[in-house]
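Chain naming follows the written order as A, B and C, and within any one chain the residues start at number 1.
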Amino acid sequence: MKQKVLSFKSVRTLLIPLFILMLVVAGCSKDTSSNKNGSGSKNQSNQGAGEAVKGGSIKIDQRVDYAHLDPAMAYDFGSWEVVLQFYDQLLTYKPDSSELTTELADSYDVSEDGLTYTFKLKQGVKFWNGKEMKAQSFIDQFERILTPAVGSPARGFIDPLVVGSTDFFEGKADKISGLEAPDDYTLVIKLTEPRGNFLYVMGMPFFSPIDKEYVDSIGDKEFDRKPLGTGPWKMESYDVGKQMVLKKNENYFKEGEPKLDEIVISIESNEQNSVLKFKQGETAFIGWNQEINSADFVQLQSDPNFKDMLMKKELASTYYLALNNQVKPMDNVKVRQAINMAIDKEKIVKLQNGRASVANQILPPTMPGYQKNLPAEVDYKFDKEKAKKLLAEAGHPDGFKVEMLSTSGETDQKIVQSIQADLKDIGIDVEIRPLSGASYSDGARSLKYGLVYTAWFQDFPDPTNFLDVLLNGAEVPANNWAAYNNSSVNEKLNKAKSMAFGQERIDLYVEIQNEILAEAPWVPLFNPVRYAIVQPWLKGYYQHPVLMDPLHDISMTKK
Amino acid sequence: MTNPNVSTVKASAVSIQQQVKKRNKFSRFARSYPLIIIGGIMVFTLAIMAVFAPVIANHNPITQYPEGLSDIGTPIEPNDNFILGTDSLGRDALSRVVHGSIVSLEVGIFASLISLIIGVFMGIVSGYFGSWIDMIIMRITDTMLAFPFLLFVIALVAVLKPSITNVYIAIGILGWATMARVVRAEVLKVKQLEYVQAAKALGSSSFPILFIEVLPNIMGPVIVMGTLAIGQNIMLEAALSFLGIGVQPPTASWGNMLQEGMRIYQIAPWMIYGPGIALIWATLGFNLLGDGLRDWLDPKTGR
Amino acid sequence: MFSYLIRRIVGAIVVLIGISIITFIIAYAVPGDPARAIVGEKASEEVVQQVRHELGLDQPLYVQYFAYINRLLHGDFGFSYYNNQPVLDLVLSRLKDTALLAFSGWTVEILIGIPLGILSAVYNRKIADYIISVLSIIGISLPVFWFGMWLIYNVAFKMGILPIGGSGSIMHLILPALTLGIAGAAYYQRLVKSSMVDVYNQDYIRTAKANGASPLRITFKHSLRNGIIPAVTYAGMDIAFLLGGVVVTETVFNYPGVGQLAMQSIQRLDVPVIMATVLLAAIIVVVVNIIVDLLYFLIDPRISLT
């Protein structure tokens, strides 16, 4: 998952080939080990001291305005924070766990050949307007996702996987032949080929039931601002760019949820202000997906009143500099290695006040295939002299000029300026181009920048999620922003993903990673650590490994 | 051997007398126009700072010093080595402030020249020829003056890349309008002067009259406006860099230093004061000088 | 009066056309292909051509311009690239807050500028005048964003008596309004002073003085009214200044107005939103100027309307 402080995982996935998804299930079922342990010992240590009280209203901040509220469109951390509250899915994750469980589905059945999924739906689940959710509500959403005018980034997850999806998308059919509703509470989905991860796909917010009549009555664009779902929180009001108020859905089908009555979310793009509001006790928490300003973090960490309220989460993620392998002079491996050696990663970690650990490889530490002791020949240690020498050997003793695309967050800007200074030392002049949102990912996909500062967040703990998505030649330019295309690597990647799980497969991934590292298509920079800060009177907050902040689960204690 | 001595003594006596005379004249001038002197000194120090920046600054303004960051990656407060402290990347704030004067003066002076040249030309043409030419030019200036400057630059940046060039382009497009208006008004006055009328009557063609007779007569207000414009443009450059759409990193500019200071003032308040005071010094200097020059060269239009 | 009004409005229409031409040129000078941006990179060339055709991008420039004007007249400013919302709605919803901020800033200008102007005129060339003049030139030289930061650091952060930023209450408005208004206050002070001093030197005031009218009476009866008239005209120019100033002020104080929207839209390369912001701001400036001109006429009918 691509995520940047202010930005989008966005449209990326539209283009993720389905073979990757096949491995989601396998990966995710083991997910508990990687992500949960990462959530740190401090998780929940300080909160929930008192008895929970019923109801109540809290305030929280949101850094950027919501890009989308239509579940078919939303695909960034910010939007998911609320979209997951407005809408339910067939399946979801258990609290504070990456294990799947049923939500709107009462039960489900997968045919022996893995081609037919039958979901029995819960009865009596109602939309906010009182209408009942039925199997057709899902089919309607599938159809929206496959409607070109809607422009959903989720199409790649079901087209061409679901029978008849392509015909529907191209307008050759007015129904998706692979979707059936034999009765109101049964949904049958037929696939063209087995796909182990399909249940995980059905757990994504894209595939939420919607009330088609409502959507049609206000139109798709309006629906993006006026949600109507089955979820625990209703949108009471939304003042674009300023404030959103969530009200408890009294008729929510899950007993006892949500626990609070009201949540007021302010769009507070000023990080300092956000921290101040928290310190004054105005807001209940600052979620891990919001950035805490460096100066504030340092102060919070050394403040005895607040340091115990911090919660730590090591993300299975790698921040890296993608070197465009197809443009001169980055097409020369020596130049790429020189850049690898020129960057002081310790300093980058320091600039983040230690909220990261240095990365020397593609896979993050929790990922199978990660090597504690990387072979010396692919472990590029910080050495500016050697970098200069390599650059001279490559025919650029005086360096060159290059443009670097980056995101625009405060920390990001510090980091890219540090990289800029490091590269300047070996003669490379970097011009920084900070962008955000879709203009950033579009820029990266245009492959016109020599360097792209970016990051990848795991969708599931399997090396395919990094190596295949980010470095397979077939992923240029969708996700492979380094434009790295090595036929031997491609072949091995394709072979590995069809292999049975086990050591042999992991060994192959180790081999692949080292082969890639030898060509230095990236500079792996660091693996991030994120902090949330939570008031002691808030009960039930956890940093979920897959989902966003658990707004439906939190409650207040007597203060 | 005596002669030369005598002559030197004489010569120095004369020069002392001249100096005294000059000093009297100067002190009288200084007393009548104190703003010119104060503003002039401020601008002069700024120019010295810019010209001798590499000598004055004791560090490289773009080097990120390892000792410029604390163990937890925060800026270092002012000390013997880093006199104004460091910024959040470990760069020396003093050196950046000193080097920032280069960008400020550059943009201030050249941008003002652009608007001055276009503005004076349009103003003279408009005022001198009158009728439909005047009408067209004045409607154009109305149009330009309707755009809030910063928003206009933002629009330019949206389609071009953020860089200091946009400042020049925007000032080239918008900045001349006020200038043209003032010049036009002056030209209308000068036009009525006898010798201009005479030159016209004698059949001189328009362009010589414009530039030989009219231009020198409006130099006073033009110089005043130009001086004030430098101050304004320095402020604009700083504002744009502050917003991140002017001078790009790592080049030091007071605006982008303040932008950074804005994010770390809780732990590094010195980042607000160094560049801030430099910026106020510069704008105040040019404003004082401009006001003073107005009192001197153009007393009627003054306060 | 009537013919003046007509001339004034015709002039304003010409200016509005000029504004639309300039924004049109900037918007269509966008490097790259708007059609390609809309359909995405994977779309085939045929699709791009079709969209180009639908958008009229294959038409000659003047045809495109008239289509653009036609859309604007129908209130169609397009959709935001960022969140797909109608641009006009986005900008208008923010414009309310910006108007509030700009009005508060203007209030600060008037409340500080005019009394100080009167004071320095009454005590012309006395100590009070010099002090005010020094303050005034410092006010003009004070960078808006620096002054804002200084207020945030000292008043909001250290003293903690006012919010650091955001919007929603009068308290939230105080610091931004002060920041926005301080330079303008200095301009008003200068204007009021110079025009009042001019009036003092006029014959009828001298006569009044000679007849033993008290200075206070002279100030309020004669010169104040005449002194304030130029200040009213300045309000027309001031609106452009204020709308430019809000960009910086809103950024510093994180105030959710059009300036902040424009800044956010830059990094999102959300061209439709930025263009609409600039266009609407310019239109507002033109309209306010007409209104001010008319007010000017109402206040002082003697003024010749040429």
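The criterion applied here is as follows: a residue touches a chain if its C-beta (ideal position, glycine included) is under 8 Å from a C-beta of that chain, and two chains touch if they have at least 3 such contacts.
No experiment lies behind these values; they were computed from the predicted model shown.
Undergrad: Using the touch definition from the top, how many steps at minimum link chain A to chain B?
TA: Minimal hop count between chain A and chain B: 1.
Undergrad: By raw count of C-beta pairs in contact, what's the busiest chain pair here?
TA: After tallying contacts for each pair, the winner is B-C.
Undergrad: Which whole number of Å gives the spacing of the CA centres of chain A and chain B?
TA: Using C-alpha averages as centres, the distance is 49 Å.
Undergrad: Can you work out the whole-Å distance between the CA centroids of chain A and chain C?
TA: The computed centroid separation for chain A versus chain C comes out at 41 Å.
Undergrad: Can you give the whole-Å distance between the Cα centres of chain B and chain C?
TA: Here chain B and chain C have centroids separated by 24 Å.
Undergrad: Two or more other chains touching the same residue: where does that happen in chain C?
TA: Within chain C, the residues that touch at least two other chains are 157, 269-270.
Undergrad: Which positions in chain A touch two or more other chains at once?
TA: Within chain A, the residues that touch at least two other chains are 272, 434.
Undergrad: So which stretches of chain B touch two or more other chains?
TA: 265-266
Undergrad: Which residues of chain C touch chain B in their complex?
TA: Listed in rising order, the residues are 11, 14-15, 18-19, 22-23, 26-27, 29-31, 137-138, 140-146, 149-150, 152-153, 157, 190, 193-194, 197, 237, 240-241, 243-245, 247-248, 251-252, 259, 262-263, 265-266, 269-271, 274-275, 277-278, 281-283, 285-286, 289.
Undergrad: How about chain C: which of its residues touch chain A in the complex?
TA: Answer in residue numbers: 37, 40-42, 79, 81-86, 89-90, 93-94, 157, 163-167, 254, 256, 260-261, 264, 267-270.
Undergrad: Would you tell me which residues of chain A are touching chain C in their complex?
TA: Interface residues on the chain A side: 6, 11, 15, 65-68, 73, 221, 224-225, 239-242, 266-270, 272-273, 276, 408, 434-439, 442, 445-446, 477.
Undergrad: Help me check something: in the complex, which residues belonging to chain A touch chain B?
TA: That would be residues 271-272, 293-296, 298-299, 347, 350-354, 410, 413-414, 417-418, 420-421, 424, 431-434 of chain A.
Undergrad: Where on chain B is chain C touching in the complex?
TA: So the residues of chain B in touch with chain C come to 139-140, 142-143, 145-152, 154-160, 162, 231, 235, 238-239, 242-243, 245, 258, 261-262, 265-266, 269, 272, 276, 279-280, 283-284, 287-288, 291, 302-303.
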